[in-house]
Amino acid sequence: MKTFVCIKYVPDTSEAEVKVNPDGVTVDSSRFSFDINDADNYAVEESVIIKEARGGDITVVSIGPKQSDVMIRMAMAKGCDRAIRVEDDRIAGHDPLMVAKVLAGAIKGQECDLVLTGCMAGDDGHMATGVALAEELGFNHAAMVKKVEVLDGKVKAYRELEGGLMEVVEVALPAVLTIQTGINEPRYAPIRGIREAQKKELKVVNLEDLGLNPEDVGPEASGLVLENLYVPEIESAAEFIEGEPDEKAEKLASILVKGGLL
Amino acid sequence: MISEIDSFTEKYDLLGCIQCGRCTGGCPVTVRADLNVRRFVYDAYNEEKLEELARLAEIWDCTTCNTCAVRCPKGLKPLEVLLALRSMVVESGKVEPTVRDALQSVLLEGNPWEKPRATRCDWMEGLDVKMAEPGVPVENLFFVCCTIAYDPRLQVIARNMVRILNKLDLDYGFIGTDETCCGSEVRTLGEEGLFEMLIEDNTELLNSFEAKRIVTFSPHCFSVFNTYHPDLKSEVAHYTQLFEELAGENKIPWGGELQKKVVYHDPCYLGKLSGVYDEPRRVLQKIPGVELLEFDRCRERSLCCEGGGGKMWVESNSKKERLAETRIKDARALGADIVAVSCPFCLLTLEDALKGLGLEEEMRVAEIMELLGEVVEE
Amino acid sequence: MGDILVLAEHRQGTLREITFEMLAVASQLASNMGGEAVVLLIGSGMDEMAARIASYGVKVLVVDDPLFENFNGEKYQKVISAVIDDLKPLVVMTGHTAQGVDFMPALAVEKKLPLVMEAIGLAYADGALKATRQLYSGKVNATVAFKPADTYLVTIREGVAEAPEPASAGPVEKIESPLKEDLDYRKFVEYIEAEVGDVDITQSDVLVAIGRGLKEDKNLSLIEDLAKAIKADVAGSRAATDAGWIAQDRQVGTSGKTVKPKLYIALGISGAFQHVAGMKGAKTVVAINKDPEAPIFNVADYAIVEDMFKVVPKLTEKLKELKG
């Protein structure tokens, strides 16, 4: 089984205050920690589990800066065999369709049975890259997969639908599966393993190396313009619900139901 | 592989064990958990059994309080056998997610709390903190500890320290966001490779400052620097040692008093592991108004709070009373108003136990630096 | 003039709410952009569902064929691709759901059309269509403008619009399926219902979490009533585990589980740093605590300073009423 696993280096903003830079289209990431995107971490683990059961090898593909090498080495320490990191600032990162083209460029022309990637990135949250990548590669796909069974020439993918319902589908290989968090329990990459992984091949490439024309994946090729980013006003602090105890309960119930939280 | 296991037996001197059982007899967690440390020392000699032993949940029950080592008549360190077994689990990658995330955070951000390195000094906001500079001589180089730096409950310890240091006009410096986990919990969680890396990095970082001494807030940093960092150029002190000096020289300007009965809880890493028993007590005795009480189980016999040994990230399955609760009940029986501690983990576990027992109205748990903050002149 | 095409979403014989929410978005858009809201319904044995949608006063296009008995992203893509060629809609809109995300990106690549995922708002002005979407788990909003294109593709977040009231019935028109035989490369196998009783709180959408404030286990029934009313799972802090109120595997925090529910209701939890670390990924946090200084309020979206016992019974009652 020749597997590719596409991963992204993202900031953890769960507790951090996010500030928009003066350019209006980027955020100040100087106070964030960065790590592998959560769902991608599960995809890496799933690729290793499949390799342990059926043999084969795993190639990591990522678009990102030099700092993300530590994330790639961790994936290698867990069992991935080699990596391609695309470093090129001409990619229109705000458009997952452009990102998918670049990832496809890194995979095309190589033997490949299965591509795994997280179903969503924690930063921009499109949930689009994997399925777009499948189309670029001409592969079959299934999105939001919470369980995988590899069969001969196909996979049984358990897609997680709303409300905990699973939709089981059979998809012929080669295929792209976008992996949902919780599909497995990602292992720890011990330092000794990370050091050992320094010996594995990590190719750093740019668009030309992949045979891609920057104009096909840059802002001019994208059908979208990211006009501006702004911090929505209400989200900054808790809304304290006031009144007598009963009133508070009623107000809260109404917020939860009418606000679509339930 | 064989030679590695031979070294396991040799490394921990398993053949030196006479199976007297004093380790297990003194082990505080035996009242809560199934851990029998003597048994592990015995079984670990059988190389074929190691993998099986490493799978046992109770290897994670050890709080590394060091009682077994203190009591061993042959000078062995039975707890180290458990840590070596933990290492086997870590190397396989199959650790609990909480342990995984803590260790990974140490590698990526220099702290086990999954906080960005960039925010490590946020506790300094609004304070006039002197920062140490590499190559510039400094009398006291302060090492804050990840837990104190990031936990809003504990940041008061560091803030009080800065206020008092400024008041005393002491020559001091803080490290800043380059400060990185001391590795004490990394070691006890069994991540040997990461611990080795931290020793190297921290030795280099700390030696880059021309410090006469390094003053730690946490007994865990204190113990680990003194025990595993042979190449450190500066002496290492716990802050209670510095304050004992200052109090002894009558340099602390008391601005108030604390008319309270205070019982001091010995942190394992300051007491049993480092032999520092008297200095924190002397500091407390110097506080005007304080009546110092003693637990029956104090000093070398002090009861562990269960906060060390990586236990902040590994929950015990035991439903029995937490040792910290036992400790609070003991303090209450003594009639103490305040349980004073000098360790961030002891503060968290004991305060949690106090709240769990619903005794918030009657007693409090306080770090010595919190108490000093209340009585040192503004 | 093209229309605003809405893909109806249904599963196991039931129309999903997002279908009607999109009707509201589409009608609003049509009033600015031109054209009208038209619904595309794909399935097998669709008469009743088609009539129900039409009762909202919209035209419904129906592909009714046994090949579409169950959802299949690859098949949907083929139908919508053909419909785009045929009708040249201005906009094609689906829910940002397990269905929508399974084919819209592939469709966009295939048709070389621009796509915005999970829009929470759409606005058309001066000839330009712009979408609002969220980044960094909702901490930042983005305004994304579509460059001029024949058709704009967009998925809409659930719950951002309210379903309109039914109106006079619109027309239902059957269209022919472009799919003549079943696909051999992707097959629906079965649905598997969520297991009950065996709760994994890391996977829960809604959690009611209890802390020390519960005081004693006889109060648990209050919490269970609330959880039942809103289909939530019960979790808790270390104090709650210690007290034996909840099982160990439902503990949230650094020494327990890390959870990411859509809604986390913290009752009588002070919010120690070690607990917060385990639930900071929750999308929305509601906190009820009698201590106004409780740090849990720092991470809460909605806060009530009150003894939980004075609020929870009424809250449960009111929620039952509102949820029908």
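Here the chain labels run A, B and C in written order, and each chain numbers its own residues starting at 1.
Keep this in mind: a residue touches a chain if its C-beta (ideal position, glycine included) is under 8 Å from a C-beta of that chain, and two chains touch if they have at least 3 such contacts.
These numbers were taken from a predicted model, which means no experiment stands behind them.
**Student:** When contacts are scored as defined above, which chain pair ends up with more C-beta pairs, B-C or A-B?
**Tutor:** Result of the comparison of B-C and A-B: A-B.
**Student:** Which chain lies at the heart of the structure, taking centres as C-alpha averages?
**Tutor:** A
**Student:** If you average the CA atoms of chain A and of chain C, how many Å lie between those two points?
**Tutor:** Distance between chain centres, rounded to whole Å: 20 Å.
**Student:** When the centre of a chain is set as the mean of its C-alpha atoms, what distance in Å lies between chain B and chain C?
**Tutor:** About 46 Å separates the centre of chain B from that of chain C.
**Student:** Go ahead and note the Å separation of the Cα centroids belonging to chain A and chain B.
**Tutor:** Measuring from centre to centre gives 38 Å for this pair.
**Student:** Counting only residues that touch at least 2 other chains, which ones in chain B make the list?
**Tutor:** Chain B, residues with two or more chain partners: 97, 114.
**Student:** Residues touching two or more other chains, restricted to chain A: which are they?
**Tutor:** 15
**Student:** Touching residues of chain C toward chain A in the complex: what are they?
**Tutor:** It is residues 11, 16, 70-74, 96-98, 101-110, 113-118, 130, 134-147, 149, 158-160, 184-194, 200, 202-203, 205-206, 230, 260, 262-263, 276, 280-281, 284, 286-287, 297-307, 310-315, 317-319, 321-323 of chain C that touch chain A.
**Student:** In the complex of these two chains, what residues of chain C are touching chain B?
**Tutor:** Residues 212, 238-239, 241-244, 248, 251, 254-258, 272-274, 277, 295.
**Student:** Which positions of chain A touch chain B when the two form their complex?
**Tutor:** Residues of chain A touching chain B: 12, 15-16, 30-35, 70, 74, 78, 185-195.
**Student:** Could you pull out which chain A residues touch chain C in their complex?
**Tutor:** Interface residues on chain A, with respect to chain C: 11, 13-15, 17-18, 20, 27, 94, 96-97, 100, 119, 122-132, 134-136, 140-144, 156, 158-172, 181-182, 222-232, 235, 238-241, 245-246, 248-250, 252-262.
**Student:** Which residues, counting only chain B, touch chain C once they are in their complex?
**Tutor:** Residue positions touching the partner: 97-98, 101-102, 113-114, 150-153, 311-315, 317, 319, 322, 348, 352, 355-356.
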